[in-house]
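In what follows, subunit A forms one complex with subunit B and a second complex with subunit C.
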Partner chain A sequence: MNLKLIDYGLSSLWRRFWKRFTVILIFSLLVFLLVSIFSIATSLRQELGITLDALPELIVQKMSGGRQTVIPAERAYEIATIPGVSAAIPRVWGYYYFGSANVNFTIIGQDPDLDSYKAKYSKLFELNAPLIDTLTRPFFLAGQGVVDIMDEYYFKDEFFFITSKGEILNLVLAGTFVDESSLETNDVIIMPEILARELFDIYEDDATDIVVRVPNPAEIEIVKQKIQFLYPDCRIIGKDQIDTSYQNIFDYKSGLFLALLIPAFMAFFTMIYDKASGLSLEEKREIGIMKAVGWRVEDVLFLKLLESGFVSLFSFFNGVAFSFFFVYILNAPLLRNLFIGAGNLKPAFQLIPVIDIHILSLSFMAIVPVYILATIIPAWKTAIIDADEVMR
Partner chain B sequence: MIRLDSVDLIFNSGLPNEMTALKNINLSVEKNELTLLRGASGSGKSSIFSLIAGLVKPSRGDVIIDGKSIAKIPDSFAALMRRDKLGVIFQKFNLIHDLSVYDNITLPLIPSAKTTSEIRLSAEKILTDLTLTNKINTAVRYLSGGEQQRVAIARALINQPKIILADEPTANLDQALIESFLHIIHDLKAKGITILLASHDPRFSELEWVDQVIDIAHGEIQ
Partner chain C sequence: MSILLSPEIIIIFIEDVLLLGFNSLAVFLAYGIQQRFDLNQTTALQYRLERQTYLVSTIIRFSLFIKIFSFAFFIFTLDKLSNFIPGAMCGVGVTNASPYGLYVLLIKLFSIYLYGFWLLIDREDQKTENYNYTVKKFRYFIAIYLFFLIELSLQYLYLSDINPEEIVSCCGTVFNAANTSFTGQLLKIPNGIVLPSFYAIFVLLIWTSLRRDVIWTGILNLFFLAFGLLAMISFFSTYIYELPSHQCPFCLLQSDYFYVGYLIYALLLSGTFFGVAALFLKLFYGIQLKVLKLSILFNLAFVILVSAYPLFYYIRNGVWL
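Here is the complex of A and B:
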């Protein structure tokens, strides 16, 4: 390893700092965008994967006129008798429109007993400690997004819901879901089932839908068919369908973002084309001088390899570092909102750090070897053909 | 020291734009001789230098430097020969303008096996001889014409060459700088270096210490 050559290469880069700076800036930006977009999508997929794992295998919804309607809760007993089904649970839930903020909250009716919530969601929410011991009124748990909205409209520890009959339902905020679960819980309110029924005017015998647990994956399809046979007016949604629809949304959005990358790619390839189509007169002259004073072609190529390798690797690592900082430290402002725009409230969750080796490899291969080749090939052409020109 | 035997140099051979740069050149320069190549622009002087420097290969004939034929050696060996045996002073100096004086003169030794301290010692000695020590870190573009010429000479001498090729070295210089250059060349000759100098400046022909004058026109020795 010739250290003098490395030293010369670095000083040569420094000499043409501003010229190289533009290249580094564009390459870094390209890597930054590429890695950021894919990192957000991968991180969200990871998060959704965890959520999907917790979902029931099947959800049974009653349809009427092509739209979902309430389902008789007794059907759960019949479904539970199907071989392979470990549980069939009627759920009461719905959307509550809060007009002042123009947002919808997702309200889920659950057991009325706080201890059971605590046992069920112990890692998911923080209790409102000052209130918990003196709790005498009905309560609810809320996601961070809901709490923020409440705060904005001066609801501190309680909220006034308006039922479908126009009556006021005053509930105390007993706990808040932790940030880590915000992707799923940001717009969620959990309240006693009886209050949720009152709010949505759902009779005691009815439910919004029925979730069905099937422990053996091989039996899911057959159970699904049996339920469909039993209740032809029902729609049965499998976990795989939810998974596919999420994947489609993210793939579609990733595709849109990739389309937005086109201008950056255009700039990159224009630069590469410019680079590959020949060296500047100044660079040609310099190579000619080097050859005339005793540099071999391989010395010139090694120098160019050093220069281009440094520029492209620096840009690559720069882009990746900024991207990780942007996505996992700053939590991807702007880009994240565009990805998760489907929710009623924008979740304030922390993206899970995921290092996707495929994305890094793709970005590396798109930048580093392409730039090195685009630098070395014209340098090689000049070194073998034009050295004698310098004598004239 | 330098011998060209029946050398032809044809560019774009076999193509419609074929051009014969040199025709049947026979030339011999002995060790420690100063040989003057005279001829108008385009007569073929620079082509002879390119052949001797191994930058182009003859279409016919042989080029022998220090007893070894370089007519058919690979480019990498020709480069090593230039690095070890030759120092070239170009007509337009061919310096890299945004490099410092030190970086310009040490350029030939960067790919060599010499250590940085050895290179620095050689450079400092030459810079002292050519009174350029105070400009060591100055970028070449800030130097005067005379200073640039001395840098070009320093670069040609850094590898302690046996042969110096100087192509129209005084073409862009005023009288005082030409006198200074002649002193330097005289000193180099006194040190035993073989010098081949191409110029159409009549002053060189009048020098007593020129050993040989070769006239060239239209690619042929007259």
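Here is the complex of A and C:
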């Protein structure tokens, strides 16, 4: 390879930098969009991965007429006797709709004296123990997002829940919590189980569902079958099923976005083609002189394609750098709503930085071949210009 | 839900549409060139055709580059799709999710070889002053194009045939000697036969290359490719995974093994490519290529790399698997 040729290519590119400016700008913008979308999706998936790790291996729900209903809590004892199960814990939880702000809180009932299915929740009670006075005042703990919303409606230290029976349940806000993955805890309220039962009108013998811990991954499938055999009316959801459906959703969304970008790629292709075809008189004369001093068609072609190689690399890195800034420093305003919905309570989390070769290769494969192919024909047209044609 | 909307598949389609468009243009020009190209003429037509050869060559050259990248990308995609398809744990399961899978992989590989041969002929052609091989190489390109169309249709059939709800087998079942399938049967050949043959072919290969026997080197390279793959699956892969029961040609492409598979296959494929290319060009075009050295270099690197795994395993643990 001829180093002089590369040097010449770079300098000629530099001389006409402003002429290429629009191309570089649009190219970078497309790369920016692609990398941002893929990064947000990967980052969210990572975040959900953290949530998933804490999740129990199996969740048992009782079904009635295709709908989920409360499950008898005693079934947990039966399930716990299945070999391979380390724990089966009935849960009481649900969603509470707060009409004024049009949001749903996730309410989790947890007995402060018992170990939770999530070690984190038990710890929360310990942390806030000094503030909690179980005997005199009923209380609850809330995630940061919930506290913010309540603040907006002037509920400072207490909140009035309306139970299923229509009665008012006045609880004291005893503490808040944050987490590494705020997606998980932002909308969560934790209260003593007995209060949650009162709120949702769930009798003492019932539970919302039963979570089952199976430490050995190889045994999960068998345990699942055994539970299904024991309770044919139950639906059993595995952790891996949830994982796959998350993956599907994010892949589907970024795929859809990419599909919508295809017309933009076509427009980009046309623009590049047009831009590269229109040579100025000066450029034509330059090619003519090169031809006259002995450049062959191959040489000019190589030079032109070298130029587009430089342009695409430059724009690609430009776009990637800007997109990382946008996603991880500015936290991807607007674009992230595409993935999580613009609900009132869901946002307000920091995206976890993931720099993934996969994202880069996806974006690279999506756009760079489009650009290079679009420049081939114009480059050839330039290269076959005859010396005498332009010098005359 | 179909897998057709995952971003990787969309990108593969974008690439294919672009390649199809440009290759169709190239084949259209190539047809005209091989019909009317006549170096003795001094007409405007001949002048135009000569200039068109540059365009066609450039398009084909870029197609090859894109095809090589998109082949690696395709494998990568298969690996990633294994997350969605129940039962699949690596590319094997995804490949087997449809009867077309294996053929798509083989045809894609073969297609890269064909494009590569074209490029080598093109290089030779540019070295000659009077366009010796121009007509021949464009005729050959028309054949490649037809092949490319088959490849695209097969790939489309394959991707639309995958059903993400259907359970497939993972590599543990497919590459199990107890399996009665073709792949299972192949693995019944004991390592006592496969390994010595593999190394014997390699030694023969070096010998024929040093004697510059293009014909035998080319044929031996084909055998080397087959036995290389077989030995990879049945013997070397177990040492890469350090697990005697894990025989799989795909898992080593995953991050757990530092993507070493891409390097291993790239070496094997490049080595055999140059060896076979020398045979192909000599047989069909009478071109004597000086690429046997390259072939030996890549093959040697492959042999050293895969042999290092069992050796280091033995040195560290003092036993064979």
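Criterion: the second predicted complex is superposed on the first by the 285 of 392 C-alpha atoms of A that agree within 3 Å, B and C clash if a C-alpha of one lies under 4 Å from a C-alpha of the other, contacts with A are read in each partner's own complex, and residues count from 1 in each chain.
The rule we apply is simple: contacts are C-beta pairs under 8 Å (C-beta built on N, C-alpha and C of every residue); 3 or more make two chains touch, one makes a residue touch a chain.
Values in this document were obtained by computation on a predicted structure and should not be read as measured data.
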Next on the checklist: Quick one: is A:L281 in contact with subunit B, with subunit C, with both, or with neither? Answer first, second, both or neither.
Outcome noted: neither
Next on the checklist: Contacts for A:Y8 in the overlay, against subunit B (first) and subunit C (second): which applies, first, second, both or neither?
Outcome noted: first
Next on the checklist: One more residue to check, A:V297. First (subunit B), second (subunit C), both or neither?
Outcome noted: both
Item to check | Touched partner set for A:S361, first subunit B, second subunit C, both or neither | outcome: second
Checklist entry - Taking the superposition as given, does A:I384 touch the first partner, subunit B, the second, subunit C, both, or neither? => result both
Checklist entry - So, A:T244: does it touch subunit B (first), subunit C (second), both, or neither? => result second
Next on the checklist: I'd like to know which partner A:F38 touches here: subunit B for first, subunit C for second, both or neither.
Outcome noted: second
Checklist entry - Can you list the residues of subunit A that meet both subunit B and subunit C? => result 297-298, 384
Next on the checklist: Can you tell me which positions in subunit A touch subunit B when the two form their complex?
Outcome noted: 2-5, 8, 11, 15, 285-286, 288-299, 384, 387-388, 390-392
Next on the checklist: Applying the document's contact rule, which stretches of subunit B touch subunit A when the two form their complex?
Outcome noted: 46, 49-50, 53, 55-56, 75-76, 79-80, 82-84, 86, 88, 90, 94-96, 98-99, 103, 107-112, 116, 119, 155, 159, 167
Checklist outcome for this item: Residue positions on subunit A within touch of subunit C in the complex are 38, 244, 247-248, 251-252, 254-256, 258-259, 262, 265, 297-298, 301, 305, 358, 361-362, 365-366, 369-370, 372-373, 376-377, 379-380, 383-384
Checklist entry - subunit A touches which residues of subunit C in the complex? => result 1, 5-11, 14-15, 18, 22, 51, 54-55, 58-59, 62, 66, 69-70, 73, 76, 80, 83-84, 86, 126, 164
